[in-house]
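In the two assemblies presented below, subunit A is common to both, partnered first by subunit B and then by subunit C.
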Partner chain A sequence: MKVPRISPVFVLLVFFAFPALVHATRIGDVTDLDWSEQTFRFLSLRDAAVRNAVLGSVFMGISCGLFGGYVVARRLALFGDTLSHAVLPGVALGFLWSRTKDPVAIFVGATVAGLLGTVVVAWIRKTTRVKEDSALGLVLSGFYAVGICILTVIQEMEFGNQSGIDKFLFGQAAALSSADVGLMGAVAMGALMMVTLLNKELLVTSFDEGFAGSVGVPVEFMRYVLLVGLTFAVVSSLQAVGVVLVSALLITPAATAYLLTDRMGTLLLLSALFGIAGGLLGSYGSFLGNNLPTGPFMVLACTSFFVVAFFGGPKHGLISKWLRRRNRVRQVSFENTMKAAYQVLESGDFSKESVTVGALADRRRTSVAEARREADDLVKAGFASMVCSDNAGSLYSQDARLSLTPAGWERACQIVRNHRLWELYLTNEACYAADHVHEDAEKIEHVLGEKVVRHLERILKDPRRDPHGSAIPSLEDIERGAGLSTNPSSATGYFRQN
Partner chain B sequence: MVDIPPPLEIHDLTVSYDRKPVLYGVDIVVETGSLVGVVGPNGAGKSTLIKTIMGIVRPNGGWVKIFGQPYRKAVTRVGYVPQRESVDWDFPVSVMDVVLMGRYGHAGLMRRVSKRDRLIASECLEKVNMQPFAARQIGNLSGGQQQRVFLARALAQESDLYLMDEPFAGVDAATETAIVELLRDLKERGKTLIVVHHDLSSAREYFDKLLLLNMRLVAYGEMEETFTPDLLQKTYGGRLTILSDVAGQAAGRSEFEQEGDPKL
Partner chain C sequence: MREEFFPPFDYGSVFVNPWLSDFESTFQVVLMGFFVCLACGVIGNFVVARRLALVGDAISHSLLPGIAIAFVFTSSRSLPAMLIGAAVAGVLTTVLIELIHRKSRVKPDAAIGIVFTTLFAIGVVIISIWLDNVHLDADCVLYGEIGLVPLRESFILGVASLGPSPIATMGAVALLDIVLVIVFYRVLLVTSFDVGLARSLGMPVNAAHYGLMIALALTIVAAFEAVGVVLVVAMLIFPAVTVGFFFERLPVLLIGVPPLSLAYSFGGFHLAKWLDCSIAGAMVVIAGALFVVAWLLGPKGGLFWQWSLSSSFQGDRKSITEVGS
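Right after this comes the complex of A and B.
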């Protein structure tokens, strides 16, 4: 089986699709500088604020992307959402306690609140009949409401105005201090270390907890590691992306990666990359827009990645799925037309070399125009050619004649052979009645592979006739047809001997 | 002569879920080289028995010993095949990744799997005829193939005692035959196998010994001694309603004395 790979072209496309979108968000903003100058300022990393924002975005992308990978693979998305909202009262209390935007106080407060939230969820689930999803919803909204209340109180206090506490709601990457960035870096490093050192333990617990326990992996401990790590990732990213949308940074990059790969390692890598890219584009967009809140921009960027992957992903993408299905439909239509041509030739005992479009239309039970279109498609694909005749001038003439090329003849023989072998197999081996097998064979004939056909031949002992008495085209017939092309004047080429 | 401890010894094991008892005072000693089928009606506690042996479910009373040791110390000597429905088959792992998990117990915490581990995993895939699918994502497999992957993973554990939870559930005839052959082969090599099975009619030919379970241990022994109308009637004919009810009430009364919830 082919392991799906992400084509670099695709990744590049995703990256280049963006500037246009980000510019669009700028329209209507009042800025003194034009956007190219702003872009230069951003890319040159001259301002300390920009440097902090860029570094912070990278760290946030790494920690949220990596933990998000596990969140999505383990179906903990709702849990991540709850955790990210439950930290708000902790943020507010940490602020109230330190009376400034002290990163350590806020970090401690938020972590405690987040963990408390998860404990409450587990407790509700264990002691009542309320199910987990409701418990999560309860804690999410309850904790969040408490947080908003305390925030409102803070903003009415004398130190509340210039506090910058509102940045925690929607995020402001440019307001990150060096201490904040240091903290984010530490969490990102921790996440990287955890993923490398505990790679196989995390994989087996995520996939099959029971089995993980049976091979001696400390399942409970791994769960706490993941929970605490997740809390740290959320809390450290709060300032950059904001409480309201931080869960999107956990879910969206990882969900995008999940669309593109079937392996956990690749998923984590891609998820981190998408997180970083989304973070950078988000802070860039916010910078262009004169420091608008960063969170929505980041989430918008990540969501756009998802949309692109959703439609354009090489394996699970909607467009590639659609293309694959269209190809299949086209191929089946080709094969059916060639089969019809074969059957028309057969009905004339292979005395002629070509078939009229009218006869094809009769056989396919379609209009002459439709049959003509199908014939033209065959000609375009190189499976047939039109034979010049007196009436061929008219485009829709039913007397226009079609002749199969060697490739077309070979495929036609194969399809008819597949069809009749399958019918015979169903009647002889699966005990179907002879009048029940045609429908099934109509579908199966297009999907039988070389290997299965050989197997059928062995089982059926190289048969000559199908259940309805028609001859099954043999391998020699296929060869003879192909050989015929070098000598088109020989009208007996298609003729079968027995 | 030194006394070799039996692969599995269970003494007075009692387990309950959400305060409802599932297993009640079970005693079993399984000898080396046994091929044991565990049968009983739905809800008889078959899976719970396996999970308790593995330490996945904590018992309320009694103890389990594997080769004379608690489970934690005998981890590498036990192979496990969980029920197929217990995992998410859309999970982003390949067939090979899953089989390699069987080597994790040998590799040790925080260590990477070695080349030798990969070789063993590859051989185990070969044994269940799944080598051509090694790189495939596990969701793109049929039910029988998924079961074979789980078996290959258990084989990769290279254990002496195997515990299997319904390996025959929902598999095709070819896989069923392959599994039976595999069980026989493992037994020939001196392994001990305990297999939960749902189909009484085939149990007779698949296994050498039978463990009849219905909350209580009804019987354990050679096939001809246990596959009797009398004992089967006792296992399947009517649940132990009085015991179940009374035990439930008793558990309800003492709910605050119960320690911990065995459910994870």
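Right after this comes the complex of A and C.
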């Protein structure tokens, strides 16, 4: 047992020692490293640029993930897209003003531009008949065009060439400076504080503004808080994912979390985690590909989480939904067969313990082969057993006999009881005609729970007969189970007392 | 290398010289811009009326992987290959958005956001891994290279040269859009404004929708290399909304598209000449400026008219209350 304990340490040692060999080469200059060496370099965090990229991705994941939760809950996804495009002129102007890639100037410029964009959208909506989607599109493309114009001018200028302003279009996490990362950290901390301090207010306004207003939450104020926070999150993430794709970091992690949980707190947590993981995977992928733009890789990583959750989510995933539906179909088919068996037994006044497959087929209105298959399924599920008759060959003919096990008998009684109780409820309490209630009861018999059944029995004063005169199986019948063949006449209870 | 942001404005070098010394390339760029605006503006009127503006944005982004893959396979800018790629990508976009929003509880707006960003990211990755600096620049995707259009090979039809092939293609697409709109005018009009009425008249509502989407995709693909994926949205929305401040009837809105297109391409070209910036960007800046002017002064819902109406109404109310007291 000693070897496995040592080997991880050894691997880790190699892991951390190895990057020293390639440490001298600068990021971006390296072209001939294979992917495993690049992986070592990335995971060991020896390079300052890698450290910045990793920290930046984490902070970006936190702020975008948290605000994204509210974006998805409030259906602001396309607004987030508009906001992310509208900050471009601010980025360019901040850059023009500071003449370097000064994070503070760019942050201020981008925030102002983003907020101006939101104000213009609101203003267009308020003063004109232009529809919301057109208003968003106008601001998105108009602001973006101004940004592109300034950007192309800057690229002509002396300081613009080697500045890396083009990194703002598709993102480059490896180009983050420690000042950038500091800013992103501040925004992430702010987002965390906002979510914890204003948790209740944000939650209520996100789902029911009217109610929020009535209980004294400042709805307008919360909307502005969210808007400003969202702008901060977008602006601080720009350099890592780029202007064009930052909206994906808002939408996709939150939508993934939305597929996995119903609670806002869990959603925010998961969304931030997916954002972090997507950011890390994305910057790793771009690092492997010799510093390709990070934005697209982050988006693809986030989308791959979404695809996994979309198909494999435990509650809302496509596969689990499909499995649940298949189980339900199977269950309903079992229950219908058991009900038919009960009815066949009932038609013989419970004088026999088993039913023939032929009688079952008659009752279910199917072929003998089909009834035989259903009977076999029941046997497999433990609800019934096949009884061997004298003639061995008849096990596969319509004379083969099926008898319910105690579990099967109980379920059959429950289904028949549910059916007949519901028919009685519809005729007596909901004033349906007696010949209109069967279809409805056919559906609901499979889903009525014990609690509802007790309630129905109370309302109907413990009935004994359904509207068609058949006896409703009572709890005693169910509990009697296998013992009924000894006293068949008393199996169906007693008459109604009214 | 330039020092200042705004170069000194020189009327001669901005407005006169391009038309005297570089007439051919100037004319070709302006013509290309005009065709782009014309095609987009005609289709855009229906896009805006159907509230599909952001769907247009999503589609323009998600066509990128189709175009990029067509590039990888044919290693040329052959239009048929790009069209096939874009058509596949366009259909995929629609199908994926429907799938996500039908089969899960994700809302349609988030579904649009997820699908188009993902497809766009795939396109950018393909371009930056296989195509960068060879045929297609990742930045060009974002704002187009309309200034390079005159340098492209000529389109030869029979014996006559029809100018650089992007211009010939764009012109053909613009013409096709106009002809389609004229031929199917009634169907497009009714299905855009009253789906119920269109159904009761037996009009093919779904066919009209998909036909419009295909025309939109075709227009975006043709305009793609000139103006990029984001600015094409502006070309779709701005003309319809701007004319909407002056007129309300759809035929007039459509007739307003050519003059506006001329203004966009002409103004954009000269603005870009002055500032030395992206021509496509400058065209949209002109479009934005004209929109703001229309927003302020337009007689149908312009801010100035609203203000004068409300102030005269308040004056009336004041006089009424004075009389009452």
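Following the convention adopted for this analysis, the second predicted complex is superposed on the first by the 421 of 498 C-alpha atoms of A that agree within 3 Å, B and C clash if a C-alpha of one lies under 4 Å from a C-alpha of the other, contacts with A are read in each partner's own complex, and residues count from 1 in each chain.
Throughout what follows, a residue touches a chain if its C-beta (ideal position, glycine included) is under 8 Å from a C-beta of that chain, and two chains touch if they have at least 3 such contacts.
The structure displayed is predicted, hence computed values, not measured ones.
Asks: Classify the contacts of A:138 with the two partner chains as first (subunit B alone), second (subunit C alone), both, or neither.
Replies: Second partner only, subunit C.
Asks: Regarding the shared-chain residue A:126, is it in contact with subunit B (first), subunit C (second), both, or neither?
Replies: A:126 sits against subunit B, while subunit C stays out of touch.
Asks: Which partner does A:180 contact after superposing on A: first (subunit B), second (subunit C), both, neither?
Replies: In the superposition, A:180 contacts neither subunit B nor subunit C.
Asks: Touch check for A:316: first (subunit B), second (subunit C), both, or neither?
Replies: second
Asks: Go through the superposed model and pick first if A:466 touches only subunit B, second if only subunit C, both, or neither.
Replies: In the superposed model, A:466 contacts neither subunit B nor subunit C.
Asks: Quick one: classify A:75 as touching subunit B (first), subunit C (second), both or neither.
Replies: A:75 sits against subunit B and subunit C alike.
Asks: I'd like to know which partner A:157 touches here: subunit B for first, subunit C for second, both or neither.
Replies: In the superposition, A:157 contacts subunit C only.
Asks: If you stack the two complexes on chain A, which partner ends up touching A:297: first (subunit B), second (subunit C), both, or neither?
Replies: Second partner only, subunit C.
Asks: Between subunit B and subunit C, point out the one touching more subunit A residues.
Replies: C
Asks: A:258 contacts which: subunit B (first), subunit C (second), both, neither?
Replies: Once the two structures are laid over each other on A, A:258 reaches both partners.
Asks: What part of subunit A is shared between its subunit B contacts and its subunit C contacts?
Replies: Comparing the two interfaces on subunit A, one with subunit B and one with subunit C, the shared residues are 75, 258.
Asks: Which subunit B residues qualify as touching subunit A in the complex?
Replies: 51, 54-56, 72, 75-76, 78, 80, 82, 86-88, 91-94, 97-98, 100-102, 104-105, 107, 109-110, 112-113, 133, 135-137, 140, 153, 157, 261, 264
Asks: Under the touch definition given earlier, write down the residues of subunit C that touch subunit A in their complex.
Replies: 1-3, 5, 48, 51-57, 61, 100, 103-107, 109-114, 117-118, 120-122, 124-125, 128-129, 138-139, 142-143, 230-231, 233-234, 236-238, 240-241, 244-245, 272, 275-278, 280-285, 287-288, 291, 295, 301, 303, 306
Asks: In their complex, what parts of subunit A are in touch with subunit B?
Replies: Per the stated touch rule, the residues are 1, 3, 73, 75, 126, 197-201, 203-204, 206-219, 258, 261-264, 266-267.
Asks: List the residues on subunit A that touch subunit C in their complex, please.
Replies: Touch residues, subunit A against subunit C: 72, 75-78, 80-81, 85, 96, 124, 127-131, 133-134, 136-138, 140-142, 144-153, 156-158, 166, 169-170, 244-245, 247-248, 250-252, 254-255, 258-259, 289, 292-293, 295-297, 299-300, 303, 306, 310, 316, 318.
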